[in-house]
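Once you scroll down, you'll see the structures, which are given as structure tokens.
Shared between the two complexes below is subunit A, which pairs with subunit B and subunit C, respectively.
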Partner chain A sequence: MKKMNRRTKTVMLVIIIAGILLIISAAGLLMNPALYEPNYAAKKLPPCAAHWFGTDYLGRDMFCRTIKGLSNSIMLGTMAAVFSAFMALFLGIVSASVGGRADKIISYFVDLVMGVPHMVLLMLISFSLGKGLKGVVIGVALTHWPNLTRVIRGEVLQVKNMQYVKASKKFGKSNFQIACHHIIPHVMPQFLVGLLLLFPHAILHEAGVTFLGFGLSVDTPAIGIILSESLKHISTGMWWLVFFPGIMLVAVVMLFDKLGDNVKLLIDPSSAQE
Partner chain B sequence: MNTLKYLGSTLIRMLLLLFGVSIVCFFLIISSPIDPVDAYVGSESNISQEQKDVIAEHWGLNDPPVQRYITWLKNLLHGDMGDSIAFKKPVVQVLKERFVTSLVLMITAWVISGILGFILGILSGVFSGSVMDRIIKTFCFILSSTPAFWIGLLLLIVFSVNLGWFPVGFAVPVGKAAEDVTLLDRIYHLILPAFTLSITGVSNIALHTRQKIIDVMKSEYVLFAKARGETTWQVIKRHGLRNIAIPAITLQFASFSELFGGSVLAEQVFSYPGLGNAATTAGLKSDVPLLLGVALFSVLFVFAGNFIANLLYGILNPEIREGSEK
Partner chain C sequence: MLLEAKNITFSYTKKKTILDNVSLGIEKGERVALVGPSGCGKSTLSQILAGYMKPDKGEVYFDGKLLPEKGYCPVQLIYQHPEKAINPRWKLGRTLTEAWEPDQELLDDMGIEKEWLTRYPIELSGGEMQRFCIARAMGPDTKFVIADEMTTMLDVITQAQIWELLLHIVDKRNLGMLVVTHNPLLAERICTRVIEFDKM
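== the complex of A and B ==
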């Protein structure tokens, strides 16, 4: 077999990682709820062949609950990342290309959101929406744009002052045409990578805020809830309730990180041909 | 003179932001569908609707939002933040007590993460490309993908439940009178939470330091220093540390936001009675005055960090300092 070059390898890696993540989310979506229902005959079992991750004090299979929870987290992360990324794209472009007062106002809001500790902001939003699932979803979606906005704003400012953009302005191209032909293609890589790299943050924040007890009801399978339940029973020494769901969460977060990095390698022109 | 101007403009910008944040927090909270009167009287009480209306009127809940904000701001400037429902004490008092407990935790974690991250960053940057560099980089990557509260849970299971070396939670021994609690007791209860909290910051500072030191090691002055016969350690001491310490410290001060967010989670895991724990309690029990108080306080805390970071950056960075004399 011919040895794969770096680009092919990266493409393969991206496909494999994306495949794993898709399988996890699909498995969670299509899972029969009966699989993680209480089964009092099999309470507090340590990991074994029938229950890979063990069972909890109600006899629920932790493997199925974990997969379901991860799937929920990925869905929520997708919503949050897509929403926040588009918001950042819009605000970043407006901020850099309109400039002046719009730039000042947007920068002010970026500073404003970044001035409140993220956890506290999530709690406030959750509270203001009367807690519940809605609060977590909207909270996570609404709070992840500031960083990417800054990045995109910087990028756009850079392109705006390029010779070719100035030249096309002198040729009489409208701002809209310039935005479509020069600015958006240029910020696309940053935007896509930024979008992917928002996932880990969104997922971790969702886990954190549900761990604290905001949002989802106690019997929803979500990693945050599983972990906060296990905290209540921590002195019983059921380590598998903590270990497996957590390590799976870390794995998913790392997969998203790797996915972002590898996609960046592929679409960033400076490294695409390596 | 210009340094003063820089200070002044930074301070004004921060005050403007603080004002904006207070507005956002206030309106987020009052737009909640959760009725503060219900939260106050509790669900089991048999207070009639008329009496509830009287309370609402007395609290000014029927006033227009802007007027409520102004009233709240006025009281705030007089040092009155209302009474906490969950703790049955003035909010200011709760904040004071809790902040002292949290501050010890946060400072310890902050120092540990700073020093640990800095050392790891230098090691991996100086020997970049080596096995150690790869190990440290992987370690940082794993740390940054790991929720600190999960590590806290693991530590609890291993060290508190299985080995029994450390307490399962709280800041002082349970069932011991407050005046009998020794400093040693407090430190003993602090170790696990502080370690957990310090994990959040390590990878950030390590990767930043690593990049900086790689840049320094590639520079011409380091090449020249090596040509003069300086050893690696001398190069790091004379040229490396001076160049990378300031940005690292600045970055560390700018991380107060994550520190506070992390402390909310860490305190929840270890039932550590600090500000973060108060914030969670306030949010879950719909304790509006306390939630607002903690939110504002956390913002103030973050701003203090950013302000110090800006100050350090402006005063210690020769490029800005010299530039101002032009």
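== the complex of A and C ==
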């Protein structure tokens, strides 16, 4: 058999990771709610064959709750990351191509938002929007656009001064045509990688703000809720309530991070020949 | 006067003025060479004459009117580095037709082969890319061509070929031309008048 080159391996890895994440999301979405409902006959069970991650003080199956929670987190992360990334794309392009005052104002807000710790800002936004799903999504989205905006702005500034873009202008092309044909395709790789790398942040921050009680309501099976609830019971020796959901959260975050890194490798032309 | 620059002053940084009150006029039917040592500001002036940059002071007139800022520019620039004047992500067919739809006659004149159209720029040589840049700039609304050290990066044989092709089209279309070069021999051979940068 022919030896796989690095590119093929990377493609495989991307497909496998994306597959795992998709399966978790779908499993959570399609799951029968009865699976993680209280069952007083099976309270506080440690991990066993019937309950892989054990059960909690209400007899809820922790495996199903964890999957449901992760799935919720991924959905939420998707919404926030997509929103954030498109905001960054728009602001980055406007900032670099309009320049002048627009650039100054956007750069000011980039610095402002980057200067405040994400968690503090997130709590404020989420709290003022009445917590819940809407508050968390908007909060995460509004705190995560500045980094990518900066990257995209830099890229646009660079490509805008390329000889072929300036020539295009002298062929009578409008700014809009130039943006669509030259600039957006040029920043697409950065945009996609940036979007993927936003996911782990979005998920962690969602879990964090929920854990602190400024996020989703207590009855949603979210990882942050599960963890904060479980912490109250950890002194009674029910280690599995924290351990498994925590590990799963870290695993999902790392998978997203790996996915972003590998897509970056695929898109970066300098690594294409390896 | 076909192309005229009046009292052009330009600097990239505050420290050094590259063009200091430079004026230049080219009549219809003339073919002018601009010669000068490397780094004196020939490319800077070319970019200003083709409307790529605005001078700090002074104006550029074409056919008696200010050079248009928007729309197709009648003065087209052929750049020294063809690989920088072509979008590396586009196949050459797309690059060729970005400005207009060149007919087969022009492609034959330029020696552009059909199979090149489906390639990416990295799969072509500098001379081949420069042919695309020239063909692309030869739209029906082009009245004047500025060739800024267009063949400096190419080998001697390719240089001769490209000049022959370009001069053929320039004659056929009766276009105005400014040739920027640091090669006095080339200037003598193809131009009706030579301007030395320092004496402007």
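The definition used in the following text is that the second predicted complex is superposed on the first by the 274 of 274 C-alpha atoms of A that agree within 3 Å, B and C clash if a C-alpha of one lies under 4 Å from a C-alpha of the other, contacts with A are read in each partner's own complex, and residues count from 1 in each chain.
Here is the rule we use: contacts are C-beta pairs under 8 Å (C-beta built on N, C-alpha and C of every residue); 3 or more make two chains touch, one makes a residue touch a chain.
Only a predicted model underlies this, so the values are computations on that prediction, with no experimental measurement involved.
Model built by superposing both complexes on subunit A: subunit B and subunit C fit together without a clash. Touch criterion met: A:Ser168 reaches subunit C, while subunit B stays clear of it. Our angle of interest has its tip at the CA centre of subunit A and reaches the CA centres of subunit B and subunit C; in the overlay it is 100°, to the nearest 10.
Of the two partner chains, subunit C is the only one that A:His186 touches; subunit B does not reach it.
In the superposition on chain A, contact is made by A:Leu204 with subunit B only, not with subunit C. Which of subunit B and subunit C touches more residues of subunit A: that partner is B.
By the touch criterion defined above, A:Gly115 lies against subunit B but remains apart from subunit C after alignment on the C-alpha atoms of chain A. Of all C-alpha pairs linking subunit B and subunit C after the chain A fit, the shortest spans 11 Å.
Taken together, the two structures place no residue of subunit A in contact with subunit B in one case and with subunit C in the other.
Residues 16-18, 20-21, 24-25, 28-29, 31-34, 141-142, 144-147, 149-150, 153-154, 156-157, 161-162, 168, 257-258, 260-262, 264-265, 268-269, 276, 279-280, 283-284, 286, 291, 294-295, 298-299, 301-303, 306 of subunit B are the ones touching subunit A in the complex. Against subunit A, in their complex, subunit C makes its touches with residues 50-52, 70-73, 76-77, 79, 81, 84-87, 89, 98-100, 136-137, 139. By the touch rule above, subunit A contacts subunit C in their complex via residues 162-164, 166-168, 170-173, 182, 185-186.
On the side of subunit A, the complex with subunit B involves touching residues 108, 111-112, 114-120, 123-131, 200, 204, 207-208, 211-214, 227, 230-231, 234-235, 237, 239, 242-243, 246, 249-250, 253-254, 257.
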